[in-house]
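For reference, the structure is listed below as structure tokens.
By letter and in written order, the chains are A, B, C, D and E; residue numbering begins at 1 in each of them.
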Amino acid sequence: QATTNVRFTLDWRFEGPSALFLTALEKGHFRAEGLNVSIDAASGSREGVTRVASGTYDIGFGDINSMIRFRDENPTVDLKANMIVYDRPPFAIVGRKSRGITTDVKSLEGKKFGAPAPDAAYAQWPIFKTVNKLDDSKMRFENVGFPVREPMLASGEVDAIFGFANSSYINLKSRGVPENDIVVLHMYDYGVELYGNGIMASPAFLASNRAAVAAFNRGLVKGIRDTIADPAAGAKLVVARNDVARLDTETERLKMTIDNYVLSPWVKANGIGGIDPARMATAIDQIGLTFTFKNKPKPEDVFISDLLPAAADRKVA
Amino acid sequence: MHRSESAHPLRPFVELTGVSHTYATGGTLAVDGLDIRVNEGEFAAVVGPSGCGKSTLMKLATGLQFPQAGAVVVDGQEVRDPVKIAGMAFQAPTLLPWRTTLENLMLPLEIVEPHRSRLRRNKAEYVAKAEALLESVGLKGAGSKFPWQLSGGMQQRASLCRALIHEPKLLMLDEPFGALDAFTREELWCVIRDLHARMAGSLTVILVTHDLREAVFLADRIFCMSSRPGKIIAEREVGFPRPRDLEITYTPEFSDIVHDLRGRIAHARSTA
Amino acid sequence: MDALGEFLLTSWPAALAIGVVGYIAWLLYKVIGASALDRTKLSLQLAPLFCTIGTFLVWELLCKAFAVSTFVLPAPSDIGLAIWQFRRQIGFHSFHTAWMTLAGFGLAVAFGIALGLLLGASRFFYAGFYPLLVGFNSIPKVAVVPILVIWFGVGWLPAVLTAFMISFFPIVVNVATGLATIEPETEDVLKALGASKLQIMTKVGIPRSMPYFFGSLKVAITLAYVGSVIAEYNASRYGIGNLMARASADFNVPLLFAALIALAILGVAMYMATVWLENRMTGWAQRSSFAAT
Amino acid sequence: MDALGEFLLTSWPAALAIGVVGYIAWLLYKVIGASALDRTKLSLQLAPLFCTIGTFLVWELLCKAFAVSTFVLPAPSDIGLAIWQFRRQIGFHSFHTAWMTLAGFGLAVAFGIALGLLLGASRFFYAGFYPLLVGFNSIPKVAVVPILVIWFGVGWLPAVLTAFMISFFPIVVNVATGLATIEPETEDVLKALGASKLQIMTKVGIPRSMPYFFGSLKVAITLAYVGSVIAEYNASRYGIGNLMARASADFNVPLLFAALIALAILGVAMYMATVWLENRMTGWAQRSSFAAT
Amino acid sequence: MHRSESAHPLRPFVELTGVSHTYATGGTLAVDGLDIRVNEGEFAAVVGPSGCGKSTLMKLATGLQFPQAGAVVVDGQEVRDPVKIAGMAFQAPTLLPWRTTLENLMLPLEIVEPHRSRLRRNKAEYVAKAEALLESVGLKGAGSKFPWQLSGGMQQRASLCRALIHEPKLLMLDEPFGALDAFTREELWCVIRDLHARMAGSLTVILVTHDLREAVFLADRIFCMSSRPGKIIAEREVGFPRPRDLEITYTPEFSDIVHDLRGRIAHARSTA
């Protein structure tokens, strides 16, 4: 059986969550599917989108919502997702109880936020505020760089920050903020129906190697299943790739990712990878709150469902 | 005439006709209506007060400056680019500070044909030649020094050597002995005289000098220039037979010529 | 004032284009009646325009020929559209960035000259601190921005300080090199008068190193822009850097490039001011046939 | 070979420390029997070490005095610990960065000299392309890295190219300035021999602008490190930049600073090589009392 | 003696005793065991072959170089720093290229007290003085030009003016007339002679020259130096009464002294 070379790009660096892919690779699930996969890191979930769109990488892992916006900005590139990995998005608002933030959204009013301009979580604020009917005229949003976001929350210069729940939480904890002082508002708990990250193939690769994409998805599902079964083993693979990472931290990060984003109730019920077209339609509507679509897509425009393994094979838990 | 021993006919080699020049950076006329004709193989001297345009004349004749009016013809060709057949000793020594004295001397050999193409293969020969030249001006052993390690007069002598090394057909010397004591200076007169004699009519020399005795001893023809803007106010041939000995500088005929020139210049100064 | 500001904000690209076209027309008009020498001069004046336009044309053609998608490298026409569309924002943020940069650059010039002179004046200082300076400069300033934000908060200070930190080093190096290469003969003129070290510095050292200093300014000014932009990207509500951050968050690559072009225009404007000053102050040194003016 | 590499990877900080201490001991030993003049020279040699150590001490004390948290600014002792703990990684990635930087720097030197000479040689080129170069340089190179990644993928090429792009401009500027400030009297020496423009360039232009060139190298080498690091940060599997990216993603601030210190050491090493070359090649120009050597 | 008209006693002003010097950058001895004593108010001349160490002597006396052996005492004090009472005209003109000629002339006034503190308030007066000085050396109107717009001789004259403008007590002139024609040169002799006379014994001058006539006409005392390494081989006083007129250069006594010196130098050369 001839092997197909696949250049795969992650959404981020080699950290806990990348165990999902590394496990599939190291355990030979891709090889068994006749794929020769190489995995590269990236520096943001949007980068995964452009890298695949330009054809520099064949398959990539990236933010579905960014991909939908990207499609709208670049109508000539027919980029579609073909598997959802994070059924729920990692976008969150992380605050401190001591600064008056509670799990009640009304507690956010009049507060000061650390909100990096390029941050994907902050980008969803229009959805969050519309859905929760918040008035943000009295809130202040400071454009702070990523490296200082958590330190500024820790030092009390801001009351809450936008960010990805898992990394912000771990970072705050390591800065000495007591665990019970950290309040994480997962946006998915507050009416934000967006999907998280998924697998997308470059249009050219998809056209010529459709079968390989399906094979990739099959291998990946197996890898995810293995990772869920033994997160610690997955984290070890990460640490092998990232010589400065710490095993315990990465294991924790991986577990949080699996628990919060991958293994949503819907995934537990329906298996990993697919979409609920109705939810996707809502998600697209919500994306429309953050910017004006030139050409609003339908769920089938952004997601290819027929490259996934059979539903029975997609059960992971 | 004294030129009868030359095998060449009297062909004009450097000819300036009605040349006027103003520097791009300076407002006033530097030279005005210069007329000069130096024949092939001749030794010409130019004297004149400071600032009258002698150095400008040298630059015009070698194509380092181009006149606003008039024509400059060298070796039968109008000068439009720097001429390639000249060796020039500038008034300031202008040795390149990143080269040793010997390397400075070798510079023309790296540029002027046929030496340029021969240099690599015949390096040793050329170095020996340069060292011999240095020795002839009393700079034995100074070849390995950098220019700024030399005294003023030594730099000037090195610069003179640089003008000679590639055996040019036209030698332009701008006060080459200005920083030298009387004895060294007379020695170098003889060096130049012998060089000119050896080339037997194929070497044309134009020498700018402030020393009338130097001019009369060395030159066949002397041009006197007036103060700014520079013009030729007198031209005089010197008829002493060649080879000339330093002794002739003590003869009355020699002193007569010097006094005659002195008188003419003094006259021009007083009327100006 | 407000009306003028408003006008500038809304129509600066048009004003710029009209200015350029008018300049070309005026030059061409002068060419008609000009002598041979003047033609060379005029073509020199037109050269930057033609080269710039030519570059953009080539860029446009390459983009079209290879059908490069806008998110990889937008064609100049796309960028032009984005400039027009976002002219208000670009104008406003450019103004902010220009201010931050100028402030940082001014600091860098003052500090750079002072430190360069100090390094030139004292061998101990030179030996002791040059390596530290070099080490500090090998560090990407983007790594320092977070510290500045933590110390000074989000605002104009990090941008000014980053512009300063990134741009002072070339000035220091060039001023020190200028001093080190003074001919001792020139120094002797002053020494023979019994001048103090400080006097030698001011009367010979500084004027003699001016050509070096101006060389470094051209580098420093471009670096200063880079500095304020990376700081704004990470820690500001205004400025081209902030605009870029938001453009890239929006996948608006043409706007990103429009911001870059605005930055380039700002850089060139400052550069021209520097050159004007250089020609006035170091004309004495620019007599070579290799000199451009 | 492998054993040596392994040894270096695992114990380079120790080797470095031993080297420094040994060097100091050797210098002090020499001081004992030395004359007055030699003492000045020796103290000059010791100055960089003392200044560096002094700076680190002050840093440490300030951190301790104000109880600055390691997340804001780790004290040198924390950084030292991180260096020791991650010595293998730092050593390995430093090596990679040094290679990328050297390659980019080499390209920049070649291209910078060529372009500088071209700008010096042709007024049209100068007038036409200088503004474009300045514009290009006002753009933060970090904005260009993503484009490079899209074209060339993640790997060594983006790092080399970024190092190149960021560092060639100072070389161009200084070489062009060097050429422009040549005394016409020096050029005349060559012109009077009928030398071609190219010969004037090689025999006078290039040697005369060497001091300017070396001045620019010191700036360029530090910029080249910055360039390869920002590229590695965004688009590489190896290198100090990549290490920094992972350290900061992991919020390991001491490691981040350890990487920065490694970078500074690399920068100083390359700088010293440059200075060595400069002293050999432009000693003729460094005769001033302001010259450090 | 001719010095009897001086109001000052014969106090040594510049004194070099057993001075030897090697340049840091050059390997060989430049001067070796120099002994020179110039009294206050005296006009001394130094002659010698090119490269013998005359310029080195000037630099040693002004504290621009420090000897490896021997002592240099100026105005009763051992020289450890550049002396502050001297005006120096270097062999090369060394005008600062970024200053106009007039600004170059003003340079000493910006540095030397009491002029420095007076300069700002009395600018016009000082400028007038500088322009008068320029005119006296024949450079009227050249003040606004940059040095590189002047001819070699003009630069040298400007450099001479710069040495004079702050009225120093010690004047060190290193071949100040080397690039000048005979007439201009004689005019400047008279300028310097008159300056020295006007200062009536309070101005000490040391002049390096290659022209024996110049030395004899101007100086009270002439030192002849030998070739490398430089040593004093002869010292001779010139007894002509002051003020001296240019006419004395045509007297037989004058020629005798010149010939005597010539002979001594020739002798030293032949035995060396």
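The definition used in the following text is that contacts are C-beta pairs under 8 Å (C-beta built on N, C-alpha and C of every residue); 3 or more make two chains touch, one makes a residue touch a chain.
Worth saying up front: this structure is predicted, and the values here are computed from it rather than measured.
Shared contact partners of subunit A and subunit D are C. Here the largest set of C-beta contact pairs joins the chains C-D. Averaging C-alpha coordinates per chain places the centre of subunit A 40 Å away from that of subunit C.
If you average the CA atoms of subunit B and of subunit D, the two centres end up 50 Å from each other.
Chain geometry summary: the mean Cα position of subunit D and that of subunit E are 50 Å apart. Each chain gets one centre point, the mean of its Cα atoms, and the points for subunit A and subunit B are 85 Å apart. The multi-chain contact residues of subunit A, meaning those touching 2 or more other chains, are 50, 54, 147, 151. Contacts with at least two other chains are made by residues 72, 150-151, 183, 185, 233, 282, 285, 287 of subunit D. Annotation for subunit B: residues 25, 92, 146, 148 touch two or more other chains. Subunit A meets subunit D in the complex at residues 7, 9, 12-15, 40-43, 47, 50-51, 54, 56-57, 147, 150-151, 154, 167, 170-171, 174-175, 242-246, 249. Contact residues on subunit C toward subunit E in their complex (touch as defined above): 185-186, 188-195, 199, 203-204, 207-208, 210, 282, 284-285, 287. Partner subunit E is touched in their complex by these residues of subunit B: 23, 25-26, 47-51, 53-55, 91-92, 138, 145-146, 148-154, 157, 175, 178-185, 210-212, 262, 265-266, 269. Those residues of subunit B whose C-beta lies close enough to touch subunit D in the complex are 59, 62-64, 81-88, 90, 92, 94, 96-99, 107-108, 110-112, 146, 148, 166, 172. Contacts from subunit D toward subunit C in the complex involve residues 43-45, 47-48, 50-52, 55, 72-73, 119-121, 123-124, 126-132, 134-143, 147, 150-151, 169-170, 173-174, 176-184, 187, 200, 205, 211-212, 214-216, 218-219, 221-223, 225-226, 229-230, 233, 241, 244, 256, 260, 263-268, 271-272, 282, 285-292.
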